[in-house]
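Shared between the two complexes below is subunit A, which pairs with subunit B and subunit C, respectively.
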Partner chain A sequence: MEDTLKKYEGRLPESVLEDVRQSMPKKISESKLREVMETVEKEYTQMLAEPGESVGIVSAESIGEPGTQMTLNTFHFAGVAEMNITTGLPRIIEILDGRRNITTPMMEIYLKKPYSQGKDIKKIALYVKETKLADIASEITLNLAESRIEVTIDNDKAKELAITEANLLKALKTANKNLSIDIKKGIYIFKMKSKDENSNAIYKLKEKIKESYIRGVRGITQILPVKKDGEFIIITAGSNLKKLLGLPFVDGTRTTTNDIFEIEEVLGIEAARHALINEVFKVIENQGLNVDIRHLMLVADTMCFNGKLKGITRYGVVREKASVLARASFETPIKHIISASLTGEVDKLNSVVENVMLNQPVPVGTGLPKLITKRVK
Partner chain B sequence: MNKKIDVKKHILVPKYQKLSDKEKEELLQKYNVTTSELPRILKSDPMLAGVGAKPGDVMQITRNSSTAGRNVFYRVVVNG
Partner chain C sequence: MVDTFLNGKFIGTTENPLELVRKIVDERRKGILSENVNVSYDKESNEVYIEGAKGRLRRPLIVVRDGKPVLTEQHIKQLEKKEITWSDLVKQGVIEYLDAAEEDNSLVAFFEKDLTPKHTHLEITPLAIFGLITSLVPYANFNSAQKVNTGSKNQKQALGFYAANYPVRMDMDVNLLHYPQSPIVRSVMHSISDYEKHASGQNIVVAVMSYKGYNMEDAVIINKGSIERGLGRGSYYRPMVAEELRYSGGLVDEISIPNKDVKGYKSEKDYRYLEDDGIIYPEAKVKEGDVIIGKTSPPRFLSSMDQYRLASDTRRESSVTMKHGEEGIVDMILITENGEGNKLVQVKIRDERIPEVGDKLTSRHGQKGVVGLIVPHADMPFTASGIVPDLLFSPHGIPSRMTMAHLIELLAGKVGALSGRYVNGTVFDSEPEDALRKELLGLGFRDNGLETMFNGETGEKFTVRIFVGDMYYLKLKHMVANKIHSRARGPIQLLTRQPTEGRAKEGGLRLGEMEKDTYVAHGASLLLKERFDSDRTIVPVCETCGLIAIHDDFKRRDYCPTCGESVEISFIEISYAFKLILDEFKSMCIYPKIQLKSKY
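Let's turn to the complex of A and B:
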């Protein structure tokens, strides 16, 4: 059986071969199997997209039509948590436009063995969360007369986060290098080293001090440990993949983020493509819609073609089109036509849109083959 | 605290392999394309670190696909 199947490797995808392997009885005769495989291959080749098929427009329609059913709600509660996550149409637009700053960055942190069973889960969660001075301060007062800022620390909160006075002072000193910091009776006094007395500056300073980084992973603003499939994972608001993959208790093989650009940066373009498909598919599935994943793969391949993530906008993939008329037909036509005429661009009319404009057969389907004759001398 | 991360083991990351010159020729012949028509991968891509790929090399990428099981893809290395 295996020998016969082996002949089809490379001709049929692995999943098809696996299906055959699973569904055939163990003691099938060689000749029967050969017959089956012939039918399988015939069926498979029939199902392939034909050369010249306009797969792009088919994908566009297949995603767009169910897309009209999607909710326009930007925020909605994702069941397990009290966390807002962008879903539905706004999320899809955000992904396909290739926006760098997404509205709700989020991570799923998987943990290594003893920790994934719940060991020290709270401690880890607190360690991951970014703590700023404002999180542990109970009172911040301005002393305008002596132009200094006095911060009272909430000791209960500090104890809960296991932050000692020495730790805190060190963190504050690295965060605010141009300030002098003293402790008097548990009150932290911030003073500017330089003597330019500007009453406005002190207000700005107060805001800056509030944001002083104390510890944790930068960018992680909220944490939520949850149990999923028998193990503990941490869901976060905010994202910092690079830092988190380097932490000793984090399972670096499964931890992901929903920020595709971050994935591109840390794990490369192929991983970003994979994540992009996952993210879009997740939204579509969530909405109870049914779009074949192959359409999304085509979109993702287009967006990742150049080795860099490009959104489907006039700044992204549309800009890369060779034809002036095709670019002009998307958005801002006058801009494109003017710059093309200034630089003397040539349109070779190789694609669909420009030929539609000029009332010529489009190079799609039966319009694709050309007749070539040999001249007889 | 930040030790060297082995990102190549991440579930999102496929297998990468550099094609030899002979394999590259065969590939271009098989699909009747030139390297400029292949999808690209930047030389600065984190997955190319330590591979020693030069612009013009072709990387073979074996993806895990939910539809085809396994799927082979090619990208040409470009500057950037």
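Let's turn to the complex of A and C:
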């Protein structure tokens, strides 16, 4: 068997050979196997895109057409209420535009063995969630006369989160280094160290104090432990992949976020490409539409092949186009023409849009092959 | 403390909002306050709003006190004797107008029998919840709201008899229906609005069945015999206007048969219908290109010096002609003066519009469709009693749209037609379906409206029975004759050399950016190039400087305006639009240098 397969190495990709290896019965006659391999090769070569095939436009149309049927604005929750996640067209636009700040960052945290069965799940969840001063304060008052801020702590909430007075004070001190903090009768009094008294500054200070980080993972604003396929996972609103992968109880091999830029930063461009494909495919599947994943792969490749994640915008992949005319035909034409004229760019007319503009045959399909012959003089 | 607002402005507070509202309403009913004042208390926001501003939508209701309407039999008798009028009832506080906010505070009974002590108002008639045109939809309460809406919208586009003095009117874009009929199934609004005096449809026999697939996707099939008997036939009128304008320097337009030496003279044939005054005679049959009103204008850009020149008397041709694809008969000619004292000539052209494939028809239930096929009378299916339907309506149009009234009207129309009476189909107050069915049974038909039918071509009996009835059909003003358009060659724009746009200018149909993409996706590169050849040009290019050179056809030489004659000049084929953009670059001081390379 192996000998026959070996002949096809290089002719067929490794993954196809592996598929054959897996699905063939152990005992198969040499002639039968050869027959199978011939069919496989025939099918494989038939599936390949032919030279000159306009895969880009076919992909664009294949994604764009079902896109018109997508409900424009769909916010819906995965699992339980109060967790709104952007899906549908807004989400696809967000991904393909390559926006750095997505509207609803979200994570799925998988846990290591004893914890994934529910051990300390509540504790872990609380440990992960970011707690700010505003979350446990029952009252924040401005004392303008003495230019200080007084914060009353809701003791029940603090107890629930297992925050003691000592570590709260410590956290507040690290969060607000330029303030002096005192405790009087359970009331935390914040005072500015510098003397310049400005009533506006104290208002700003109040907002800053509210946001004081106390504990948990920064960026995780909501948590939701869910049982999925017989194990506990934590779904979060807000994302911080880097921090979470460092935690001992987190299963780093399966934990994901929907923030593709974060994945690119932490796990690299290949992971980002996969995440991109998955995220877009999830939305399309969710809408009950059917788009071949290879179209998405092509889009993801275009966005990632430079080693940096680039959106399909005039600042992203369109800027990378070689042709001035092609760039100019997509948004802000004058800017592109002027900058091209300053550097004396040459347009080689190698792509589609430029040739349509000049009314020349576009170099795809029947316009691609050329007759090469010697000129008789 | 409840905040109180007058016309949206805060005016004060009250301790007892309900008492305040009651007092204002009482005083309004007594006539102390204007009947235009409305007051409401919003529990949610705990605020009282008093409104007297204009622009609120209000509707009249009968006031109810202690579960009894204030309107009594005596009032009605007085009304009948014309002793009192509507406005008297409003003044007496028997009827009052509520706006949307006050309506929220009220409990309105639909019928008098529904009244309880809790009710504050009674509908004058359930019909009053609809507007004038929507009230014309029979059995509308059996339709989905959306279809009642589209049904009433469609009625506004129906052809009819819009004005009795139409022969002497000069309206733009007029359609008239030749044989309008009053509907058999009607609502009280038809009587109230004198509908029979300006009816806009015809009662026809409709069978709900398919026919060779020509009535799929909302199309309808009509009987050619019915068309020949006048179904949906109409006239289309369009005025043509010419005015003797006055220009500076005492020059004027002149309405007359143009001289042969006039600039832009068409041909003698085009002027053949004009009489001595330069205007066409009535009842002339005109086709495209024919001149309706002959007119000449003084030459353009005439400066004071030119007036003394000999050539200055060459006037311009500016006649009013029939446009591309138009034809008709001259109906009426009007010669008058306009406000500035200029001679004004208006000619009305008439054209007969016989229903053809593509014309739009509709029932009154938003069941619009275009004519898909016109079948000879002999080939139409017929019922056992020999009735041949005028129109075949596809059954697929019914389930998803849920226009039950469409079916009920068919049944009711059948009863009306057979018993020779009008059927009352007023919303919420119509003749019940059961009674109609009983009556139909009594007339010797199946009570469900089904009939045995035969194939008109083969004479075979259909295995299923077909729902046949009578209903009121409207012809809508969207007719193919006004919209049909095609072009192979034709006029181009001056600037871009691309085809003009729009039917009036005999324009091309744009192959847009997304359509272009489909050609690329198919790899049909050379076909795409051919599509875009409409503004193709061949330009000489100087190989030295890469700019567009000059080709002098007279002297048979090519030269570059910058590099002179001793340079290589080649001819390239590009779109004229690209030549324009190169010119535009030059105007921005950008040097677009074309580097030529042999393709081979």
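Criterion: the second predicted complex is superposed on the first by the 347 of 377 C-alpha atoms of A that agree within 3 Å, B and C clash if a C-alpha of one lies under 4 Å from a C-alpha of the other, contacts with A are read in each partner's own complex, and residues count from 1 in each chain.
Here is the rule we go by: contacts are C-beta pairs under 8 Å (C-beta built on N, C-alpha and C of every residue); 3 or more make two chains touch, one makes a residue touch a chain.
Quick caveat: nothing in here was measured; it's all calculated off a predicted structure.
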- Task: Would you sort A:166 into first (subunit B), second (subunit C), both or neither based on which partner it touches?
- Result: neither
- Between subunit B (first) and subunit C (second), which, if any, makes contact with A:47: first, second, both or neither? neither
- Query: After lining up the shared chain so the two structures overlap, which partner does A:308 touch, if you call subunit B first and subunit C second: first, second, both or neither?
  - Reply: first
- Message: One more residue to check, A:352. First (subunit B), second (subunit C), both or neither?
- Response: second
- Message: Touch test for A:365: subunit B only (first), subunit C only (second), both, or neither?
- Response: second
- List the residues of subunit A that touch subunit B in one complex and subunit C in the other. none
- Would you pull the subunit A residues touching subunit B in the complex into a rising list? 13-18, 242-243, 245-248, 252-254, 256, 263, 265-271, 274-275, 293-294, 297, 301, 304-308
- Item | List of subunit A residues in touch with subunit C within their complex | 52-54, 57-58, 60-61, 334, 337-338, 341, 346, 352, 356-368, 370-373, 375
- Task: Can you check the complex and tell me which residues of subunit C touch subunit A?
- Result: 516-518, 520-529, 532-533, 535-536, 573-575, 577-578, 581, 585, 588, 590-591, 595, 599-600
- Task: Sort out for me which residues of subunit B touch subunit A in the complex.
- Result: 1-3, 5-7, 9-14, 16, 39-42, 45-48, 61, 63, 65-71, 73, 75, 78, 80
